[in-house]
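As written, the chain order gives the labels A, B, C and D, with residue 1 at the start of each chain.
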Amino acid sequence: MPRNQTLREKLYTVVFRSDNPAGNRFDIVVIYLIVISVIMATVETVGSISPKIRELLRAGEWFFMILFTIEYLLRIYSAKDRWKYITSFFGIIDLLAVLPSYIGLFIQGGQNLLIVRLFRLMRIFRIFEMGHFVREGAIVASALRASRVKITVFLSFIAIASMVLGALMYMVEVGQNDQITNVLEGIYWAIVTLTTVGYGDAIPVTGWGKFLASLVMILGYGVIAVPTGIVTAEISSRVLRPSNRLKTKCINCGDGDHLFDSGFCHKCGHALPEPKKS
Amino acid sequence: MPRNQTLREKLYTVVFRSDNPAGNRFDIVVIYLIVISVIMATVETVGSISPKIRELLRAGEWFFMILFTIEYLLRIYSAKDRWKYITSFFGIIDLLAVLPSYIGLFIQGGQNLLIVRLFRLMRIFRIFEMGHFVREGAIVASALRASRVKITVFLSFIAIASMVLGALMYMVEVGQNDQITNVLEGIYWAIVTLTTVGYGDAIPVTGWGKFLASLVMILGYGVIAVPTGIVTAEISSRVLRPSNRLKTKCINCGDGDHLFDSGFCHKCGHALPEPKKS
Amino acid sequence: MPRNQTLREKLYTVVFRSDNPAGNRFDIVVIYLIVISVIMATVETVGSISPKIRELLRAGEWFFMILFTIEYLLRIYSAKDRWKYITSFFGIIDLLAVLPSYIGLFIQGGQNLLIVRLFRLMRIFRIFEMGHFVREGAIVASALRASRVKITVFLSFIAIASMVLGALMYMVEVGQNDQITNVLEGIYWAIVTLTTVGYGDAIPVTGWGKFLASLVMILGYGVIAVPTGIVTAEISSRVLRPSNRLKTKCINCGDGDHLFDSGFCHKCGHALPEPKKS
Amino acid sequence: MPRNQTLREKLYTVVFRSDNPAGNRFDIVVIYLIVISVIMATVETVGSISPKIRELLRAGEWFFMILFTIEYLLRIYSAKDRWKYITSFFGIIDLLAVLPSYIGLFIQGGQNLLIVRLFRLMRIFRIFEMGHFVREGAIVASALRASRVKITVFLSFIAIASMVLGALMYMVEVGQNDQITNVLEGIYWAIVTLTTVGYGDAIPVTGWGKFLASLVMILGYGVIAVPTGIVTAEISSRVLRPSNRLKTKCINCGDGDHLFDSGFCHKCGHALPEPKKS
């Protein structure tokens, strides 16, 4: 029910929401700007680039600093509850996206602070709040939320197991391995091994150490099944159980098993009602 | 309903289709030829082979060049819509399979171009269009198609997380680690670690770096559950509902993404044709 | 039905149980103390810490030694069956948590024994007996119990496959690889590779060795599907069937592995007690 | 229905079958003998053992040689169809288990042949034919059989992708990377990376090479979902669908949803009929 909107209300629709064409376009433009500015900031840290390119990157940074400052001010202006926005997670991230550039202007050693610009990337996580992705990601997000505590228990188990196994490995290898000289390094070894990353920077050198490592590897290989099983079961229960598919019943034949973006009932061809906002 | 076919129609059946004995045999012969020619091209890049063997490999390459040229011309001749075939994905791949050999004949430095021959391998992907494999792979392909957007969201998440974590690691290790000297190298480290590949060519050296790495490893270990869960749920939903086997394209709007037991298109409401027996 | 409890009964409720506020608080305090004492013992093994901090860590260790001794004595005092507690798994772990500190007081070389303190961590596994986690972990634990034998068969298969593949690799690489000089090292290589850990400390150097390694890697990559499939199927069967939540032990034969909706023991046919509300 | 058996028939029951007490004991004894003899053969390949232990290992090998010879002759004698046994897979393995020791007696260089003894391990795969494991492994084996073709298609895809990606990496890194000097080494790199093993012996060194490697790693990380999904779906369909659980109906109440080793119906407590041989 569109009525006469004030400028602030119109801005709010464009800047904060993505369920309308202008807002959607605004979001996509901002995401592109973020990606470009982050790639530039990333390239700037490479030591071997020519001074000319570095000059260009500096100029570009000025451009983005001004753009993101305008966007930040627009967001403050149009927010429904300004203080709530400023102190919100994304509000702080938006501030951190421009602040380092200003500090870098006045302080000589502020150079390194510019790296904080990379946190701009976190603003892209807003992408997951965009309509299209929300609908697609809803099942996964809901499954992850449902398995939150189970996953926490599992990760605690992995953390404790890493500490015990790391201490064991330290006891086995102490004095013979110059890469595992204290328990902290043993724990680091255990995590690298249990997660099957296996850098190779901390490895057992004694026979018994290799035997222990073999057991840990097989353990880690089997244990990966647990989080996968938890998440898969939750996602499956949402895909397989019709009531969990977040969709509407056909008002003609009553069938409730539709794809998310369906406009018509797949059983009888009757038009489906608009899905409710979630 | 076989009727008097022209030569071109007969050739089309043999060259492009695999649902008849002759076409099936043709496909299998071509696949063997591709594999042999690719193994030969692969061995040719090994520096230490004797000149005699190299001579033999050159001769073999001539043989395959002529064979694949004939096949390419046959395909152009017998294709129903010639221009469509030539500009199609496999049409271009088929051309790339012979072109480099011809260029190598006239240009001295064309030697390196011969490597492009290896793209012949991509022609084998036609294998997945062969009858036997189509039926077996249909459930998996349909599951992957259904989870396309979810997987994209997940991979975007991994990409963004890698950039944020790589930047963090760079900030932690800068000045002390000669393997992570800029943010790009930090991102490379993050991807190597998150995916549990763990080459060991970029590793943290400071205590805090190792601590961050430990968190990233455990994150990567847990996060693998997400794509697995998505794909498994989709495959399960197809395996568990026996009535939901194959599906048909809507003849009205062309949409091919229906639930298996659908009678009507979920996009436009048009009645779906009867599914074929599988 | 709370009645007049003796001191010993009250202590039992606080020390051994976590289904009441005081017992829950006690558990959480103990867990924090364990974590702090373990972190201190871990840091103590780092060679480069200053003597002052080392002095502090020693003092802290005295503090924890006394605290854990008091806790141990409280547990013995309040246990329902004292001898059963002392000889139980956690009883021995509780003793091992304080014993090394006392031995370290009297014996000069007892220094190294202090490392055994790290086993205190295992006491945290009691966390999984706490009410909150029990309820969340019950499905996972039950799924793991149900797939116990399947997983054992799978791990035996991996162990045997590792020995056969390790022996094969030894035969292929013998005399040319100074990292795989006997079959034991070959088996170590096979385990490192099959589990996709890939340290890089034992790698094939010959062409045929690399070919064998490639096959082993693809095998290991595919085989991970098996334990995941087993555990996921069991968890799914518990998540998807809502009526199948928790289960009870048979009061006749003690078997605890029943289907969730069972009314009778599947081992001995005795009627099962009513399941408790969860 | 036991009747008067000849010695040969009795021996057959003990030597070849494990569904009777004597046969079961025989199998377990043989497995222990194999494991001990293999451990001894494994230790024998370690270069640094003392001559005394080596002497002992030799003596032990004589002992096992005689024992396994007797077992082999017993098997030939009692087999129902002798020629079929001798030419069967396990018949050849049984012969290979003793042959190398005899050859080693007469030929000086036969020393190395002794390694073939390690193939004795493959005899343990008979374990999977033992009653207890058969029942437990039936679901997994049946699931793997059902997904055989799908897994083959997937592994072909991985093999082809490795060749294409390996060739690409070779083209990107040629001349700058002394670890990837030909396409074969490129393919080896691709397999090591796609399977997330990541030894670190073949790694990209150029910027574009690292970029390509990053894409391959993320691909490999996502693609692991496919075989897992296939196997999990098949196992799930067997665990979740009662008709797929290979078990018997209760003759009293008709319930067909029992655990595999149940002796009594979990619904009504009635004794279940003996499961049929599969």
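Just so it is clear, a residue touches a chain if its C-beta (ideal position, glycine included) is under 8 Å from a C-beta of that chain, and two chains touch if they have at least 3 such contacts.
Only a predicted model underlies this, so the values are computations on that prediction, with no experimental measurement involved.
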item	value
Contact-graph distance - origin subunit A, target subunit C	1
Identified repeat of the C-D interface (over half of residue pairs identical), from A-D, B-C or A-C	A-C
Taking each chain's C-alpha mean as its centre, the one farthest from subunit B	C
Centre distance in Å when subunit A and subunit B are each reduced to the mean of their C-alpha atoms	27
Separation of mean Cα positions, subunit D and subunit B [Å, integer]	31
Distance between the centres, which are taken as Cα means, of subunit C and subunit B, whole angstrom	42
Sequence positions of subunit A contacting 2 or more other chains	154, 184, 187, 196-200, 224, 228, 230, 232, 234, 236, 240
Subunit B contact footprint on subunit D (complex, rising order)	149-150, 153-154, 156-157, 160, 163-164, 167, 170-171, 174, 181-184, 187, 193, 196-200, 203, 207, 210, 213-214, 217-218, 220-222, 224-226, 228-230, 232-234, 236-237, 240-241
Touch list for subunit B against partner subunit D, complex	38, 41-43, 45-47, 112, 115, 118-119, 121-122, 124-125, 127-128, 132-133, 136-137, 139-140, 143-144, 151, 154-155, 158-159, 184, 187-188, 191-192, 194-201, 224, 227-228, 230-232, 234-236, 238-240
Complex contacts: residues of subunit A adjacent to subunit D	196-200, 228, 232, 236
